[in-house]
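Look at the two complexes coming up: chain A is in both, with chain B in one and chain C in the other.
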Partner chain A sequence: MNVIEFNNLTKYYGDVKGCENVNIQIKEGEIFGFIGPNGAGKSTTIRTMLSLIYPTSGSVTVFGKDAIEFGHEVRKDIGYLPSEIFYYDKMKVIDLLNYSASFYDHDCTEKIHELAEIMELDLTRKIQDLSYGNKKKVGIVQGLLHSPKLLILDEPTSGLDPLMQQKFFNLISEENKKGATVFFSSHILSEVQQLCDRVAIIKDGEIVKIQDVKELQTDNYKKFKITGLSLNHSKFGIEGVTQLVESEEEVTFFFKGDINEIVKILSTLKLKDVIIEEPTLEEIFMHYYE
Partner chain B sequence: MMNIYLFELKMYKKSIIIWSIAIPFWIFFYMAFFPMIAADSVAFEMIMEDYPEELLAIMGMNAELPMSSILGYFGLTFSMTQIPIAIQAANYGFHTLSVEERELTADFLLSKPITRSKIIISKFFAAFTSLTIVNVFIWGISILSLYLFKGEQTFELRNVLVLLSTVVIFQLFFLSVGMFISVSLRKIGSVLSFSMGLGLGLYILNSLRSLFSSDIFGYISPYTHFNPAYILIEGNYHKVFTIISLLIIIVSLSMSYFLYLRRNIPSL
Partner chain C sequence: MNIIKRELRSNLKALIIWMCSISLVIFAASAEFGAFRDNPEIMEAMEGFEVMFQALGGSVTNMSTPEGFLSLMSIYLYLPLSIYGALLGSSIISKEERDRTAEYLFTLPIKRSQVLKRKIIAALIYQTFFVFYILLACTVFFSRYGLDSNFYSFIRYMFVGLTFISYIFMFIGMMLSSILKQYKKSGSITLAILIGTYMLNMLVGIVEELEFLKYVIPFQYFEVNEMLSGNIEVIFVLLSLLIIGSCVGAVFHFYRKRDLYI
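For the complex of A and B:
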């Protein structure tokens, strides 16, 4: 079953394109990454799911229901963590969380305390006195307190220190194991790599690729780093090689194609070392953004 | 739905307390001068005669209801009191639907499982309840100070009650117009300047009407629609003006509802 379906979703703000012809299906139980630089249309896409904005054309269905028409029903099972966290400043954390919980049918008290303990969040403080990272924690608890079936996270890790980030990821993984589907938007690829099953890449408001995270790494490029003596003979200028940097002592490049071609060339050289690596997602994605 | 209503009311708490003290104090303070004016009424009338009629008209004075009579003086006080009443109501109107976007809490509230229709209705009633609380104090202090300072004079209480009953429509006018303007614009920067602008702007429009004795200026001003001198003399609403006021309220509320439901909430 698909939890989210974007069907030709298009949003224009006047003449300015937010996103165009977005088509994505996200399956139940999946952790889906949504990658793109700032301003690529990530937030626009996310905000239509929550009917914060209305599509110019196309539609979004969540849990099989139109996200605009049945917005309030659909949102019962959505936990949303916005990229920037702002709450009613003068409230205490616990009052805000209780207010948040009052929108849901079931009692969330236990879950609030459980989450606050994991995230080391002091519930008695006023929101305006909290640091950015602590506000983010309030956001996390607020997004999870009703045990939602779908988690929408918009750049969730900014402002969290690495330790908290890890705790947060564990929390997300745990919710996912309990059956929650996760839609994870980010411009930091390593965290998507760490967490997600599949990933969609958005550029200038359009989806350029949807792929399995593992496939994305294995099917694509290998990263070569060769060290040795007098290597600079332009031997690597074959098809499939990109980003070639050659010097006498070191050659680096990305290669996609028959690996034997490279091995043949390597055998003609006097080498000190060869490192063949999976490229990081960053390196893969640079390709889409060239 | 009840949770938003109660939450909003809580947010208004401080404001309600301040306005519930300030406006009644304003009325009481003005009315407290009446015994002095009544005592010197002859001298006072003579001073007044020297003023040009247009100026007196702007100040809301009327030959039929001299300032030295308790109702005349109350009418004058009341027309002054309409300004803060308007500013408060306009303030809530401009504030209530724009606050989430201004303080960036829209993502929080609107991602909750509730329809926008319920949000706007809860918010409207919370603002209206707050205004009504202040209104109750206005009624109380008005009647109290009339009896306290009337001295030997008598007055028609019924006419006073009719005048006081206009406050609720007057408040609704500014509340709904404020809401309408706030959802028509992309962003409301400073609520206070908008509400002062609306509250004082329409007051000035009413003054122009008195100055030129031309009703044209008054058609969209509730200060004209609910002119205290007129109501205290006639003991009744001005029918046409009241209908205009009600129509503006209904149109503003429906448009606010319509626009709020279709509003795109910009990301930060």
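For the complex of A and C:
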């Protein structure tokens, strides 16, 4: 079953494009990454899904229901962690969490304390006295306290120290094992790589690629670094080669295609060393943003 | 229920401050009335200012009774109450976007219309309470001058007047913060409308040719002299209801359908 379906979702703010023709299907139990630089349309897409803003055209369904029309119903099972956390400043953390919990049908007290303990969050402090990172922790507890079936995380790790990040990732993985679907938006690729099954890449408001995280790394590009003597004869200008940098002693490039083609060329050269690597997600990602 | 409670709690401090300052105004007025009442010379001197009293919508004879005196200073009850309503109305809607808490509140499992309903109820509770408080304070502070049935009758009419006028400005505030892209300015724009109509109100009192303007000046709807003689014009009650109704309609229509500014 698809938990989220974006169907040709388009959002314009006046003349300014937020996102255009977004089509993504996210399956139940999946951890889905959503990658793009700042301003690519990640938050716009997410906010439409939560009916904070309304689509110009197209639609989003969550749990099989229209996310706009049945927004309040689907939000019962959604936990949302926004990229920037703003709560009522004068409230105490525990009061805010209880207030949030009062909107759900079941008792969340136990879960609140359990989560606060894991995230080392002081429940007695006022929101306005909290640091950025601590506010983020409140956000995490608030997003998870009702044991949602769908977690929407918008750049969740900013402000968290590496230790907390790890704890947070463990929490997410655990929720996922219990059956929660996760929609994880980020511009930090390593964390997406660590956590996600599939990933959509968004650029200028449009989805450029949806792929398995593993596939994205293995089946695509290889990174070549060749060292030797008098290599600069433009021999690598064949189809499938990108980001070619040639000099007499060293040649580097990315290659996608039949590996034998490259081996043929290599056999004609006098080499010192050949390194063939999996590109990092960052490098693949940069490729989409050339 | 939880939203109403939260709104009541977060707006309590402002209400208390307003109540304290208006108590002072009413207390000062009652003391002043005592001074006039016991001093016939001042009363005589005041008769020279009959024109000014007429501009204020009164008459110098009003000076001798508690209800008459209250009617003369009624604008000083209308104004603060309406300002309070305008600020309460505009901020109760716009503060979620101003403080950027809209992203939190509206991702909870609740409809926007339900949030609006609860906010309106909270605002109505405080606004109505404030009207009650003002009239209670008037009664208490003026009670030492011996109050008769005319006074209580006037207070009942004042209740109607104060309630309608302050609701009008409260709902105009709510409407503007729902409609305006510049939702942060809704408070100041509502106040500008309020002050503007107050100025016009003064002008209409002096220049008779401007009488027709009274339909757009809420302060003209419930004339104190009419109320003193036990009268309220139904047309203005209906007009008030129409304005309030349209504002409520606009709030629900526009706020539900628009993108939140996050």
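The rule is simple: the second predicted complex is superposed on the first by the 271 of 290 C-alpha atoms of A that agree within 3 Å, B and C clash if a C-alpha of one lies under 4 Å from a C-alpha of the other, contacts with A are read in each partner's own complex, and residues count from 1 in each chain.
Rule of thumb we're sticking to: contacts are C-beta pairs under 8 Å (C-beta built on N, C-alpha and C of every residue); 3 or more make two chains touch, one makes a residue touch a chain.
Here the structure is a predicted model, which is why all the values come from computation and not from measurement.
Let's test your reading of the overlay: on chain A, do chain B and chain C clash or fit side by side?
With chain A as the common anchor, chain B and chain C collide in the superposed model.
Have a look at where A:I53 lands relative to chain B and chain C in the superposition and call it first, second, both or neither.
both
Between chain B and chain C, whom does A:H72 touch in the aligned arrangement: first, second, both, or neither?
A:H72: touches chain B and chain C.
Once the structures are superposed on A, label A:T45 by its partner contacts, choosing first (chain B), second (chain C), both or neither.
neither
Please indicate which partner A:Y88 is in contact with in the superposed arrangement: first for chain B, second for chain C, both, or neither.
both
Can you list the residues of chain A that meet both chain B and chain C?
Of chain A, residues 13, 47, 50-54, 71-73, 75-76, 78, 80, 82, 84, 86-89, 99-100, 102-104, 142 contact chain B in one complex and chain C in the other.
Given the complex with chain C, which residues does chain A contribute to the contact?
Going through chain A, the ones touching chain C are 13, 47, 50-54, 71-73, 75-76, 78, 80, 82, 84, 86-90, 99-100, 102-104, 142.
Applying the document's contact rule, which stretches of chain C touch chain A when the two form their complex?
Contact set of chain C toward chain A: 2, 6, 10, 99-104, 106-111, 114, 257-260, 262.
Any idea which chain B residues touch chain A in the complex?
Residues 3, 7, 11, 103-108, 110-115, 118, 262, 264-268 of chain B touch chain A in their complex.
Report the residues of chain A in contact with chain B in the complex, numbered from low to high.
Interface residues on the chain A side: 13, 43-44, 47, 50-54, 71-76, 78, 80, 82-84, 86-89, 99-100, 102-104, 142.
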